[in-house]
Amino acid sequence: MEKINVALIGQGFMGRSHSNAWGQVRRFFAVPMMPVMHTVFGQEAENPQLFAENWGWQHAATDWEAVVRSPEIGLVDVVTPNYAHAPVARAALAAGKHVACEKPIAGTLADAREMVEAAESAGVQTFVWFNYRRCPAVALAHQLVESGRLGDIRHVRAQYLQDWADESIPLWWRFDKSLAGSGAHGDLNAHIIDMTRFVTGQEITEICGAIAETFIKQRAIASGMAGGGLAEGGGDTATMGEVTVDDTVLFLARFSGGAVASFEAARQATGNQNRNGFEINGTKGSVKFDFERMNELEYYDATLPRAVQGWNTIMCTHGGAFPDGHPYVENWWPDAHVIGYEHGFTNQAYDILRVLAGQPPTVPIPDFNDAYQTQRVLEASLLAAEQRRWVHLEEVK
Amino acid sequence: MEKINVALIGQGFMGRSHSNAWGQVRRFFAVPMMPVMHTVFGQEAENPQLFAENWGWQHAATDWEAVVRSPEIGLVDVVTPNYAHAPVARAALAAGKHVACEKPIAGTLADAREMVEAAESAGVQTFVWFNYRRCPAVALAHQLVESGRLGDIRHVRAQYLQDWADESIPLWWRFDKSLAGSGAHGDLNAHIIDMTRFVTGQEITEICGAIAETFIKQRAIASGMAGGGLAEGGGDTATMGEVTVDDTVLFLARFSGGAVASFEAARQATGNQNRNGFEINGTKGSVKFDFERMNELEYYDATLPRAVQGWNTIMCTHGGAFPDGHPYVENWWPDAHVIGYEHGFTNQAYDILRVLAGQPPTVPIPDFNDAYQTQRVLEASLLAAEQRRWVHLEEVK
Amino acid sequence: MEKINVALIGQGFMGRSHSNAWGQVRRFFAVPMMPVMHTVFGQEAENPQLFAENWGWQHAATDWEAVVRSPEIGLVDVVTPNYAHAPVARAALAAGKHVACEKPIAGTLADAREMVEAAESAGVQTFVWFNYRRCPAVALAHQLVESGRLGDIRHVRAQYLQDWADESIPLWWRFDKSLAGSGAHGDLNAHIIDMTRFVTGQEITEICGAIAETFIKQRAIASGMAGGGLAEGGGDTATMGEVTVDDTVLFLARFSGGAVASFEAARQATGNQNRNGFEINGTKGSVKFDFERMNELEYYDATLPRAVQGWNTIMCTHGGAFPDGHPYVENWWPDAHVIGYEHGFTNQAYDILRVLAGQPPTVPIPDFNDAYQTQRVLEASLLAAEQRRWVHLEEVK
Amino acid sequence: MEKINVALIGQGFMGRSHSNAWGQVRRFFAVPMMPVMHTVFGQEAENPQLFAENWGWQHAATDWEAVVRSPEIGLVDVVTPNYAHAPVARAALAAGKHVACEKPIAGTLADAREMVEAAESAGVQTFVWFNYRRCPAVALAHQLVESGRLGDIRHVRAQYLQDWADESIPLWWRFDKSLAGSGAHGDLNAHIIDMTRFVTGQEITEICGAIAETFIKQRAIASGMAGGGLAEGGGDTATMGEVTVDDTVLFLARFSGGAVASFEAARQATGNQNRNGFEINGTKGSVKFDFERMNELEYYDATLPRAVQGWNTIMCTHGGAFPDGHPYVENWWPDAHVIGYEHGFTNQAYDILRVLAGQPPTVPIPDFNDAYQTQRVLEASLLAAEQRRWVHLEEVK
């Protein structure tokens, strides 16, 4: 079987998720191309050697530019903080590598645009890790809409609510605009913009109002700001720093097919640890998803006899091609032996390998250009919040 | 329109429920016969005159025997404590009145048998207020089974769990075997035996094990033990009395169609205030009901394409005949303007009037003989608990 | 006991709800003033005599102006289509009557303003039937916020979603701007604006974007457009008429305490028959409500030990004063013997009688001025949608 | 760090689960002893070499007796069909190896007793893979009971319901008594007996009635009956074979502390793919668990103010020691980034390593003697079903 050497640029929370995916995919899936966990890059202080040993990377490196240029490497996987996506991806593309980049595609729209252009001239495959598309329940929602079961889409509601960011959390890269680009917006709204575009198969055409708010404007400066895990507790409160990103962003929008939509991302929505979800109402049916119950999709079929219409809680764990089963799960466990968070990444690793092997992915997978459309929506909604008006997507290119 | 004069024998919690039903039914339903709230009986101490004024009964009386014999009265409605069901019903039947009796039909099986025999010789209509049959969701479950949508029934699970009876509750009639017949068993198991017989359309043929337990064996004797409301708090703890009924009864059983079944009634199942429900699994589908969400029925349709099978939460509030809607609710409010506990009684009052007017009830309504079958199951399961063995229903007649 | 004669102006769906409330309140509550169902007004074609007999009104009338001026009448209850609220209320106020008016207070802001002014000069009591405040679960949410259990409010999300208005529904008064004022906006957003103002104890200060949409722009003209029930089916499709109100309105907003908020009303949100709800996140806790499970409130207490924090589904059926129980329900049934839609109206009738008797209501009850603040939010959000910009509430008076 | 060489005896579904656990544990946990995936045994036809390569075992072997005697091996992990647990375990014990055995401990009680005796004389560590104890939610339930938060336990209800075994499923080892010992009983009831013993900290003392039923008495004989995965579809219906195990077993029981209990295992409970759960009611609180939502525990705290009592849905994903967080999950992902089925095995692998390194497990882990107590309950309940009477556990040793 053909092999491909993968290089991981970065560590942290996403570094763990991606490493796990590259390790697990060949055990659970009949991969069409064998991924080799070749090299992981980390800064000296991050001890990439230890990371490599733990996760099974063959090599560790502290010079990312050498890694992405290495003739050994076939695929560069980028999990740095957002500001570094563009330089790493562009160097990898310049070296002719396939690139898989963690979401959002970039910290700024300009960066994203340049990445798209670089990808076009490089003529390689690009991928962005919008992992939630690969929850079987979300993929099923896409299949239901695509099959016509929802009819015309009229309403989209999407929320990604977390509650970890109270006053006790010190400054780290996610609160710094120069490193993260934005706060809850790029971190969370990016996901629900991508998911609703994916499920509806439509583009957002207009932002019809938006609010961006930073409830906690100063935070304690902690010692180790770098790194991707949640830096909890601690923080020398004698030294406070400015939070330069949002805590929450809400916006209203229109989809290309005429649906009205609302979006909200929040980091202080008490009680919602990871409520990443949507509800979509069509003329023939509706779907609802909440990641906290990620194995379930709720589906209302308005074409059934009225007496038995209702919200149908589908346990999306029966393997098989639509409409006989649910995507990905035949590779995991028997019915209702549920899967978890990291499985979406493994599912995506599988589809990346399919694309690299010339096969269609199980469901559509975003490339740089696709993720750039999501980035435009992020930008347009911030503009709408600043200028207190509607913003057409044509204004933001 | 033809009228019928109703007499209510008793007050208390059930007296309120029935009075409300007789008052509301003509406002919300197109009744085929007009019920006139003629006379309510109460003991002197209960002040039946005040009760009558409050609920709209034209007359109050303290001599029940005169009431049930009165030529004015067409229907006698019995809501006394259980031990008094038999004498009142038999007197009413002897006087040629139709009789509607609160459940369980009687405090003892012997009483129940005599009531059945008296009803047969009287040649009138009898009814037992198993009100939960008339929750639209329960009636829909019956319709689904009857229409064949569940296939062959294999499993029945039923529970009626409450938690009001901790140590602070003093002795009152419900804890006294001579007045109540039994504890949770007759109070709660009676309902779920009736409901599962109704929904499956089958009889219970054998008891395959049972436990009856009284966790709290002594309780404070409160001043006013009579009456039907929950006598809360108080209680002179200096004077304790014996509890002579069960707190909880569990039993296993077989239905005539071969299904296996489990039942449980409890008064100290912390967290379950009124969890009166069942789950029934058939070869083609399943249903689940929990009274605490009484407007909902969960239905699993195993004949749908596998990708969209799931537990379908049906909001049973769309009026119409099966399968276009749900029974009773077109008389109430628009979709999802939910109904409550007392509406089941009003729905039953409507069906009683239909039967008295010669029309079929919306769904089958239990008469004395039907309720006697439930009583036999109550008796057989207590016998199984006492003798620590299986008991066939043929042993209990 | 003091009595008060009530006149009901109008019939239809709300006429039934109010009639039921006036009839039931004295049976279930220890009222401090006895309501007498004196006169119901209806147009000749509506047969008010039949309505009166059914619901227990002593008199029927077809001249509303005579009714509201009658010296017999103490309280005028207005359930006409929205456009008629103002003339009826003003006439009643001019005659010195107390007035209870169905929501929204009026079809236009100008009408509402005049009603407020008329009420101020009349010096009587006014009430608006925002009935959902009187669901025990919603009242409990208010009590939780008021007691400080939620801390500072940061997020408000409110939705009132229905799905009855597909193409098959013909034109009737709710689709006609001159009669209804607006569509889903005044019908549904009015409720969630009122509820969130009530629960948070704060005012909305700014609209930060809004969308108003009419998906179905023409509908068949049915024969009987008047009346308040849902005119279903039928409709001579040869004759189509313009829909002049919205199907859906979404808006973003700010509360006076700094919280960000989103609102949505919809009539074609498939699968949501009456999903009238909100979620409110504070720094110490959160609450969630969905009318389709109206007896339940979800409460997240972030001050508990972390291991046992979670969304707590409170069955709001235990009578008692906060924090020992839930408002209103001690007048109904035992724990978890759930109540339904119409009970909110009966609870409000009770509180109206309390206010008229000089006692405080169980929880705050909206008068004309309070309802006018809700009307201003309705107006400001429509303006924001038309002008595609933020609108400060100060612009709308 | 000390290392231990592990040998896996068997493949199939459990072979995958255990292999995954041994591979993942060192990546996600700070293990106190390093597990080395040394050798996997499989029959020639199972191609153990391919299995070894896929899952990362260093060696493959087809002679299990040589493997368990090999001086290289420190821990023997047994995942064969049930009938083979005893011979493999006894050989491993005789060779002085630690043994971890898949549940149930054995196919017969006699086998189990011999395994316990062999373990006692060997003086090594033994473990049984009752993996569900290591779902964080189940472990939290144990901690809540142990901390006294539930008070005295009065009611236990446990069900393990599946629905995969309809007529289309051919004969395989799970339907053959000589290979499996029993059907749903040993496969499913074993888990809920173990879980409720674990959570309550009590033993079952008496069986108070039981039913064992085989709904489908004949099945098609498929070609490959060996192996552990679900053999789906196919089956030459011309050749039918006898099913010699149960489809469903229900029983009632008593716990040593006086609680009453009901248990049910089923393979044809339509709509329940893997509903493995329990509800336990105590005098101060209750807990509820359903594996299909394995990250959640429902907890009712009856010591809270009555107004805020309710079923609290705890998302058991916040790392930390009780009562500050939930066991195991700090090694996985951030809050509400949920885990799945196989994580319970990895959590158990971690605790096995802790015990082998002389540290206490996170929560109690069953050894052979502990699992033997569960086996006695399985045996006693079958006896109760056969003899149609109560059976005291003392009868079964």
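Read from first to last, the chains carry the letters A, B, C and D; within each, the first residue is number 1.
One rule holds for everything that comes next: a contact is a pair of C-beta atoms (placed from the backbone, for glycine too) under 8 Å apart; a residue touches a chain by one contact, two chains touch by 3 or more.
If you're wondering where the values come from, they're calculated on a predicted model, not measured in any experiment.
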item	value
Touch-network distance, chain B to chain D, counted in steps	1
Label of the chain whose CA centroid is most distant from the centroid of chain A	B
Chain pair with the higher count of C-beta pairs in contact (A-D, C-D)	A-D
Approximate Å spacing (C-alpha centroids) for the pair chain C, chain D	54
Whole-Å separation of chain centres (CA-atom averages), chain A against chain D	35
Two or more partner chains touched - positions in chain A	309, 311, 315, 318
Pairwise touch network: line, ring, star, complete, or other	complete
Residues on chain B engaged by chain D in the complex (per definition of touch)	154-155, 157, 159, 163, 166, 208-211, 213, 215, 248, 250-252, 254, 258, 260, 262, 264, 266, 268-272, 281-286, 300, 302, 309, 311, 384-385, 388-390
Complex contacts: residues of chain B adjacent to chain C	13, 17, 19-20, 23, 26-27, 54-56, 162, 164, 230, 273-275, 291-295, 315, 317-318, 332-343
Contact set on chain C toward chain D in their complex	140, 143-144, 299, 301, 305-315, 318, 320, 322-326
